[in-house]
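Same chain, two partners: chain A is paired with chain B first, then with chain C.
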Partner chain A sequence: MSTDSVAQSLRRARSGVGVAGAGRPPDARPKRVLSPRNVTMLALVLPSILLVLLLNAYPVLYAGVQSVRDGDLISAGDFVGLANYATVLSDPVFWQAARFTLVFTLVGVFGSWAMGMGLALLLRRRIPAGGVFKVLLLLPWVVPVVVSATSWNWLVATPQSPLPILAEALGFGRVLFLANPLLAQITVCVFKVWISFPFMMMMMGAALAAVDNNVYEAARVDGASGAQLLRTMTLPLTAKSTFISWILMTIFCVNDFPTVFLLTGGGPVNATQTLVVQAYRTVFLDFETGPGVAIAFLMTVVLVVISVVLYRSVKKVDIE
Partner chain B sequence: MSAATLPRTSPRAASRRATATEAELRGRWWRFTVLLVVTAITIVPIVAVVYLSLQPALGSAVTAPFTLENFGNVFAGTNVLLWLQNSLVVTMITVVIAVAVAAPAGYVLSRGRSKLVAGYSLLLFVIQSLPIVTAVIPLFILFARLNLVDSLTGVTIVYVGSTMSVAIWMMAAYYDSIPISLEEAGWMDGVSVFGGFVRIVLRNSLPGVLSTAIFAFLLSWNDYLIATVFLRSDYNYTLPIGVQTFFQQNSTNWGLVMAVAVVMMLPPIIVFGVLNKYFSVGGIGGSLAGK
Partner chain C sequence: MSMHASKAALSRRGFLGVAGGTAAVSALAACSGGGSGGGGGGGDTLKFWNMPWGGTEFNPRDKEITEAYEPGDGLPGAVYQEIQWANFTQTFSSAVASNTGPAVSSGGGTQAFLFESQGKIAYADDLLESWKSNGLYDDFLPGLIDAMKVEGGYAAVPYNLDMRVMWYNTTLLEQAGVEPPTDWPSYLEVSEALKGIGAYSFGVGAGSGSFTGSHIMTSFMINNGGGLFNADQEPECVTDANVEAMEFVLEMVAKGYVDPGSVTYTSDNVQSQWKDRRFAMGWDGAGLAANVGGEVAPELAVNSPLVGPHGDLGALYFPNNIMMYTNTPSQEGSEAFLTYYYQNMAPLWTEHTGIGLPPLRSIADTPEFQSDVNAVKIIEEWQPISRTWGAPGSDALFLGVTDVDGTPAMGTFTQQILSGAATAVDALTTLQQALEG
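Coming up: the complex of A and B.
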């Protein structure tokens, strides 16, 4: 069918032929499980279902099985009950990783949101060369993490790096960004915010673009200040996008591997180790498959519960 | 009532009005300065990559302040071209398969009204919230039996799997913006459900397809975790893994490393630069945002 005939169909639909009911969705017809429509829909969705089952669902279930066995990357091993979980949960390193994952996620989500929202608000006003800024500010998100981690390493890692030299020149003394545990944690969090804020900027920019400007015009005429506008209008009007962006960023942060691994490897002394990094290290560097899988599966269970709850709550917000 | 509230006011006219008062003009330059400073600080790490890649190496005969010798050395003396080719092949195949599978599946998610479809949508949401590392370990064991470890085919399969849920979502979110009356008109003309999808909906979904393709491209091009787990031999490396071999304990040649880094970041920047007007992150949250 050419575009012409689409236009033609549209014209016919507009002229009222469709009202007669011929254009109702086929599923409004008497229910038949194997109606041509259902068969077609099944054929369209089937390849994706097979891929999802094989590459997503099966591995997760298999991980559940593996977490109660003492196998390795080659053999399945024997059933050991909850021994792997006991090992993991009694390990202080696990709880340290859990704590840092929480901090990393909170800073990542709210830091990148605040920065992205601020920049989106700036960029929505007319600014000289605004388009150039918009493109340049997206770069941290577009550039591969391997590249940016390499660059950040060069900038901060050793005493001979530019940033420590600058800090010394400014009288802060010798600052070891990745060797001091607290500083390393701060650096990793700042790095994550740097990577993630463009995503927030895009999401909030799209949300702001959808807000009717006349509303602002009217409020300003009524004498509302900038801060009042932000609190009483901008934030409530973009609340739903904000909520969704927080959900997505939480998922991105909790599951983030390369940001931490490539900058610090989880060190110094596990200070910046997140749960994902710990799971990876336990399986692929310490070769303790059972406990490693147990960590990954614990995360999985928690995330499944959280994501189902969030999904429901978003859909509810939607209906209201 | 000012002219700005009239519906037909052009942006240009609005800006002329904006320049009218001095306070607004000052505000504009103040915002410009803030943006300039923030942007300048933000892109320091990226500028540093380009700058270092153009520096002559220590003890090099080159005396000019900038040189391309690092790129020459990298292409002539290392496997970077091979890794680049591996990255390109893996990424292209991932993009094609992801779009080919997600485009029809997204249609079902967008138009289907049954409980099963709603359940599938929830399943996809849950899956995309899970850490990749959970799936990687069992897949590694499975792939070891199938001879797919240390193989570009194996890596591509994992990439396709990890893009699937978000890709389907993004397509569904785009289809949601296409009125169903278009298909209804087509069905009335005797077009089949499949025909309606391909010739009416898909034909009008280029931005959605491109968005999904860009997403799949960025995901597989920028991946580190999957490649580092599955790829073992030098000739199978993709760029992100390959560049790690350049780091030495104490004597990293930053010029060479940054030259590879430039090679690695150019494709996503080009793709994003050319296609960014089609890309909307809205698509990622879109299906959640509802219909």
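Coming up: the complex of A and C.
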């Protein structure tokens, strides 16, 4: 029997050493890397590797080349080094877009998660026509965003739209949901939460379904309150799904083009412009592929960092 | 055991041999391709790409005209393709870059000048020269052909006109007890009266996908003798004329004559405001009344151009055009097709398919076109005084105008003015810096 503590065992497991001991010593004989079998295997997977490289790596590499050139949509242009990155990073509009992207992502991720989690918890209870509710709640996610954006535009765009009329009736005066920069930012964020919460609801619903009800019953027997159950049972037990849903939603939010573009186009005066919208406008409206692709690459770097941090949290949850 | 291994190895080798052979054959087949990829039409036909310029009946009618083309001996026939406005820049750019694009096309108003700078455009000089003998050349409305001239030659041929004009609702003006304005001071007076009945007098949109707002800002500059480009075709935004024009618009904003929502109004929102009779006056294209439709459409009328504070007349317009590409199965064929097309395209206007205004006097003079009072007024009063993005420096279009045509810099500038978020000088200075950058 091993005398290691659990933590020591986990560390050993992570480093590839069995809990019970160091295991069999590695084979002393030198392995032939290019054995006929390995060559055959390599040859068999080579077409797939080439396909993946062509479909994924080539566009990324080509985009990388574009980001260090001053080309346009037709010609590659001349090599300009990191000038495009310097241009982008010194542009106040980029930083304004970066700030709003951050806000948009934070609100999108945590707003939709909170709403999705709340509804998932609610739908665990037996309620009349629960299935119908589930379907209805999925609609914002299912309906094409073009349709949703058009509907929201109809709801808020003009003073004669339903929500401004309601706001005026409630004594808030004339509320310009899309023309006022702050209100436009809030509207876009709320819209994002609205179209995203069903995804979170499904993710968290699935996570909650995997939790054994006996655990809750035992906790209730021990006198745990609802808040305690949520804090000490529900959240830890669904942590892995939560982190994964955060990773996915972060990627969805940062890369979300239609939500912003269809509702406000990034206005008024760039107030709701996110980085992906700025990248699009730079490439396809200004015809400056270099700076536009540079913005996209900077976004990718940030996304990778965030994803790695969150993914490590998932692994940590796994181990614990 | 060794026998098994040997068989397996042989089997693998055999499999790899077959796989390699198949791949090689596929690669060779792909490489051969029959040479049909390029040529703006694939050898014996030329591709004509046209946009949905009008209603649902436009493209089918346009296709009929195209397919009725009977080429002369040895010249290619024409195949028709409708290209949607959505992402049209990407559509054309990728096709032209890969030499799979059209031989002849319409497109964005400044598209020809972008592709001309890339060496992808076949100049229309010979075509236009040939039209001097068949009457087509002299049939164009004044100034249109000159707008297509760049240093190397004529980049395109004028096709349909997209105008920006002043509209008003006759019923609302009557209700307010005022006559349509004739100049900037009277515009302010009429606006005040319209404000009294809860209507806006500067109806326009500058939201997602709506570039009309930026067009109208430029129109006001041109109406004051200004504009965005100097005679050297360089951006020159911060001029006295432009500052005065933008200060006038800012005054309209400050006095509440501009709908505060205009900043983010889409085209649909703008039409909705006209339908709701919230817009009593405003600025839009020639098709506004048709787009608004319903019982409000008959109430809408085109006003005469306003006289600026220094006696200037002027507005912005877009001579949309048809261009020929160097990637064609036959340049002679492209020119022959366009000659046929221009001689037979009149039904697009006389049958009211919804396309913009005609470039040819002969079409504008037809009884069918003359039955549209607003369209006639635009041709008679607005077209002669309208200028391109190149104003005040020139009447021709050039590559530099792609920096202002529907670009983020112009959108931001317009939103700054319409929201009153910046002074005229600051907004114009920011625009100048963006255009220089």
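The criterion applied here is as follows: the second predicted complex is superposed on the first by the 251 of 320 C-alpha atoms of A that agree within 3 Å, B and C clash if a C-alpha of one lies under 4 Å from a C-alpha of the other, contacts with A are read in each partner's own complex, and residues count from 1 in each chain.
Quick note on the criterion: a residue touches a chain if its C-beta (ideal position, glycine included) is under 8 Å from a C-beta of that chain, and two chains touch if they have at least 3 such contacts.
If you're wondering where the values come from, they're calculated on a predicted model, not measured in any experiment.
Of the two partner chains placed around the shared chain by superposition, chain C is the only one that A:159 touches, whereas chain B remains out of contact.
By the touch criterion stated above, A:313 is placed in contact with neither chain B nor chain C.
With both structures placed on the common chain, the touch criterion links A:151 to chain B but leaves chain C unconnected. In the superposed model, A:284 lies in contact with both chain B and chain C.
Of the two partner chains placed around the shared chain by superposition, chain B and chain C are both touched by A:74. Look at A:268: by the touch rule set out above, it reaches chain C but stays clear of chain B. Of the two partner chains placed by the overlay, neither chain B nor chain C lies in contact with A:225. Within the superposed three-chain model, A:179 lies in touch with chain C and out of touch with chain B [touch as defined at top]. In the superposed model, A:40 makes contact with both chain B and chain C.
In the superposed three-chain model, the partner touching more residues of chain A is B, compared with the other of chain B and chain C. Across the superposed pair, chain B and chain C both touch chain A at residues 36, 40, 43-44, 47, 73-74, 261-262, 284. Interface of chain A with chain B (complex): residues 1, 3, 5-6, 8-10, 12-13, 17-18, 22-27, 36-37, 40-41, 43-45, 47-49, 51-52, 54-60, 62-63, 66, 73-74, 119, 122-123, 125-130, 133, 135-140, 142-148, 150-152, 154-155, 162, 194, 199, 202-203, 206, 214, 217, 240-241, 244-245, 247-248, 251, 254-255, 257-258, 261-262, 275-276, 279-280, 283-284, 289, 292-293, 296-297, 299-300, 303-304, 306-308, 311, 314-315, 318. Residues of chain B that touch chain A in their complex: 2, 4-5, 15, 18, 28, 31-32, 34-36, 38-39, 42-46, 48-49, 52, 101-102, 104-105, 107-109, 111-114, 120, 122-142, 144, 157-158, 160-162, 164-165, 168, 180-182, 184-189, 191-195, 197, 199-200, 203, 218, 221-222, 224-225, 229, 239-240, 243-244, 254, 257-258, 261, 264-265, 268-269, 272-273, 276, 280-282, 284-285, 288-290. Interface residues of chain C, counted against chain A in their complex, comprise 9, 12, 16, 19, 23, 87, 89-90, 93-94, 96-97, 114-115, 118, 120, 206-209, 259-266, 268-269, 272-273, 276, 278, 402-403, 406-409, 411-412, 415-416, 419, 421. Those residues of chain A that touch chain C in the shared complex are 36, 40, 43-44, 47, 72-75, 153, 157-160, 174, 176, 178-179, 184, 261-270, 278, 281-282, 284-287.
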